[in-house]
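Per-chain numbering from 1; labels A, B, C and D assigned in written order.
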């Protein structure tokens, strides 16, 4: 049993922390970067990304041979969280969704040729990527078995027709990973494909307006009307689409948690700063029991989230799927992120509701956390099923 | 004991319901009215307001002699809730904050001359109004005792200097009710004034950007640098500022609840419609226990909110201050509004997070409900204090 | 709309309050009555019941012609709650379960002859009664469709065989209302019977030991091995068993709520008394924000429970089934009772966990409240179903 | 980072598990041991303790030289939890409070002579011990600064006068650790003493009746009326009483958590067994979403509790005070224990409320968990204070 980070990882963590403090946090405060309280302009982002690359703090999740830091997942946990002290931090050091999940997926499942062609430019930061899976009703939302988009084989090519939506980052992305139906087989009916934005036969119908802060590339609705994909651009094998999805999902869910924890800690920072100086009815807010209890509860939840996330990261590093551990982290940290923003807003009063702090950005963003990657209820039911099936092994240590 | 509405009020309720269905709901669906998902343009609003006036469904809270419907507060409860089936409904029939609280206040406290001059144009809908009280730190947020804006008497005029913020609707409003300090007396140190936007000596520094939907006139930061107010424009007497505030607050808090209940019911409508047709994993969402429990809980909370609100309304109609009843309604309905939007978003999935429905509008709006008019913790402490002071009378019926 | 009690009911309420104060509360404090912290001995109870009868405060729910007070259900709500200021109060004025539900049922469904024979002695307090329905697994728990106990018709008699459990008050009761299966018809398969304890063919296997305080007659497991019941002792008609159950259930559920509210208020009384005098770390508990918030929350919940209960009572008085209203009251008040006891224990510290107050009695008792008469989840699902089926009528006033 | 137990500890854990399965669980089922649903008779307990001793599974927390297993605290966590699969398990292998906290305290703070005299017989299981600190109002409950019991120095002896209450295990204990006031100094006013039950000058006034299951020795109220304690029986030095208390408290709080987790897991076992076989309305309980969500939530909470507890244990093993980590574990696991029992009762229905399972025992026991060792609110405020004082170090890893 050992709860410490290795000296190497700890040292990287401190370097990321210093980098964020010096180069990223000031970007938030600059109205030119954040006037609309949505996102930093891509050209301005490039400047800080260049610094991060130069500092060797770049793509912690990706293989060294492709330009990343080649770190184990426990190191991601420590680094992502530090990066996410700023809402621009994960973008700055190239550990933001959906690129990071796509890079990890391609590194794990691509052939050498596929990696060279599709992965390297993403790691380099030269192109952005998107993962194209979910569909509007009556297609596949959370149930991939309902997927309607079909890729029909014709000779050595697949012809894709259908509709997708909520495709994060699609607008402006160049490399796409697409899941489509190639047969009606329940387990092997889906296949994963790679395609480039310049190929004909598809288009973006709209950027779907959302409550949450706009991300680069938005959340788009896509139409496929005859996109042709050569067989060499199948990821893994035909029929492996569900497997591809699951390989991507575990770490992708967990890296969300890592970033959310960073945002949640930042909310506490803002809250503490304010309650330490604001008074009312003759008492400083920080000295009120009601305020202390609220902040203490969130601190408690964040620490729990960090233990769960680190545990799941360590388990993934052991080569396990860690479904249970990832589920537990996801449910808990999604709630924690909301609570952190909510409490920070509450103690800040009207100021918390304004755009004078980033709290409202986090609050809107947090609402999606309980939706993406499985609703909390589903994860809880999954836990109950594991407990039922595994019996006393459910509780084994490690 | 009687829980029914009188036939007259019930008939008005049904007329408001029909009006909203026919004339207001379609406005939401028209992109020209709601492209930015913030608010309907004022000129377009005027069209529907003219219809409401013509239909005799106008300003339910205001005296008939000034152009309102002159109804008791229990009738407001029934009517406001129906109006708020649409997010534009309260504006359409002129029962939206802050005008409605200001009209009610002026009707109760103004001299005949003041009413003629300041109230009539607001009831007519010719001008908008604002209530100018809260200040940025280190001034008065929730604690009026910390008010820094001063009105210094000079002959028969008062000279105002100071700063205010989060003044709802200030941008474009013409009639202002201002609370400022006229002495350091703890109970009688504040005074309420009336002023017109065209008077010199004050300005709007900015519309404070907020998370929530933009309202007409925004939430502004104001600076007073020598505004002169003649003594005849004091509302009530010098030193009565706190009393004015309290007279406004009871009904104003409660009309918030009335509208929030309407919005909450609408969220359930949207949720039910969707779960009744969306399927996943071979089962309709509406048939899932997890969905039923969530929706049932919100239905329960809404019904509780309606009882509390109606009880408080009835009590105000009896001429009582009903502080306890209003506090209970406020705390409960603010939470209910959030939960209704939150649950509706959750069962709608990604669609709920988009701007394809009004749910996200309500969700952002709801966040302010737990902040305005006293944080929930404060109201709970107030209840505990009442329970302590009143002994067994705390529980008396009626 | 009117939230006041009529002067007659208010006067009765005050008389019950005075009676409890003078004659019932002292009984709790007498170790001879309450040494085991379970229940008052039956012979000692008789003394106070005689006083109640003499004072004309007896069986508020039962018809005057049979010796009750013949009051509407809104009056029960006011009176039961006052009675339940003491845990012996409902017994003292004869408004305790299961007798009160049985009396109400017999008054509503019995023939004149049946009432004379079976109801009058219960109202008189000469015999106790029990309602025999639930069965151990695999029989009918919450699902009456699974009932295994059968009553087979033989000539003009029914022969009963089967097993029942958790029959409240069975030990020592004389008049039993038994639900048994007379056919396999889904809607009309059950029938209600009356039998007397001295009839052969049945026995009590055991008083089931429970967490909660022992009631007179306990919660028993019964075996029927040939009990013969003549056809004249069928309540309503053969096949009406489910209907009988439902007639009993609405008011019976609600009278639970009425008593629970009285217990919950008492918990607050004990809590307030203690926090008003106990200090720690230099501050009186009553002055701590954390204590005020807890107590304020419970006060809020109790007031909500009272509104819901009174609303449902009024609705039953209008001749409606009020299923929705009773469900809402039941779910809410069951939780409130738990929270009231829980919070009172928490602020009392170790004393609250001891038997030096009645708080632990209420806490144990409260645990059954969320189990009896339908689990909270089920009621919430029922609400969701009503909302779905009734559309906008779900929200009608009255 | 390593979340595994060492092979030695894992092997011990499995041996404890097997021992409990074979020798302890059957004791619960034997009515002779558990007729009153309170505790196993001491003479019967001795039989199983002899077996545990023989198996080398005895006093895991105590030094080998005094007869214990001399294990690090992470090993306690694994072993205690396994032991607590049965409510008699911790007693069986001698890791039950208050003895285990007292043994740990004496091992850490006693002189060699004190250990030989006072510690060895406790580790041997020949005598029981008690820790005598809390006082009834207006004395020291949670605030040791209010302590009224005084030990006045007279020559080389101290004369003790005062009153204590809720002294766990006092009835029948032989070795007592007593905290009393020796001066009015705020930090150094208290002193810890050792005394033997046969010394004159003190007595047990009563075993305080409590809601929870009776423990050996009960929770007693004690009176000191001239007890004389020689100076050699001071633990540490005069004035070190508060320090003694704190040394005891950290591990003692945490061993509570270890046991509570075992009890909570057992509740899930009982719940799962039942829902896997009980049906209603045509569906097995285990297949209901509402049941799965409830059980999944508790499983989640238990796993969180185990991570927090193990983390705190590991931190104590590193020689740190781990106040933050122990607080977090305590708050979380106390709630978890309650929820586990509560949910298990709910899904078991009436059976869960009966004494046919141990669930009601755990439920009553669990109520004390949120009271002892600091109320949850206090721990949350402590966390907020740490977060405020430590700044970003609050979040350091390890």
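As a convention for this text, contacts are C-beta pairs under 8 Å (C-beta built on N, C-alpha and C of every residue); 3 or more make two chains touch, one makes a residue touch a chain.
All values reported here derive from a predicted model rather than from experimental measurement.
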### Message
Can you tell me which chain lies farthest from chain A, using the average of the Cα atoms as each chain's centre?
### Response
C
### Query
Where are there more C-beta contacts: A-B or A-C?
A-B
### Summary
The distance between the C-alpha centres of chain A and chain C, rounded to whole Å, is 53
### Summary
Rounded to the nearest Å, the gap separating the Cα centres of chain A and chain B is 38
### Residues of chain A engaged with two or more neighbouring chains
289-290, 293, 377, 381
### Task
Would you pull the chain D residues touching chain A in the complex into a rising list?
1-6, 10, 13, 74, 78, 265, 268, 272, 276, 286, 289, 291-293, 295-297, 299-300, 302-304, 306-308, 310-311, 314-315, 328, 331-332, 377, 379-388, 394-395, 397-398
### Query
Which part of chain C faces chain A closely enough to touch in the complex?
288-290, 293
### Query
Which residues of chain B touch chain A in the complex?
37, 134, 136-138, 141-143, 145-146, 165-166, 208-212, 219, 277-281, 290, 342, 345-346, 349-356, 360, 363-364, 367-368, 370-371, 375, 377, 381
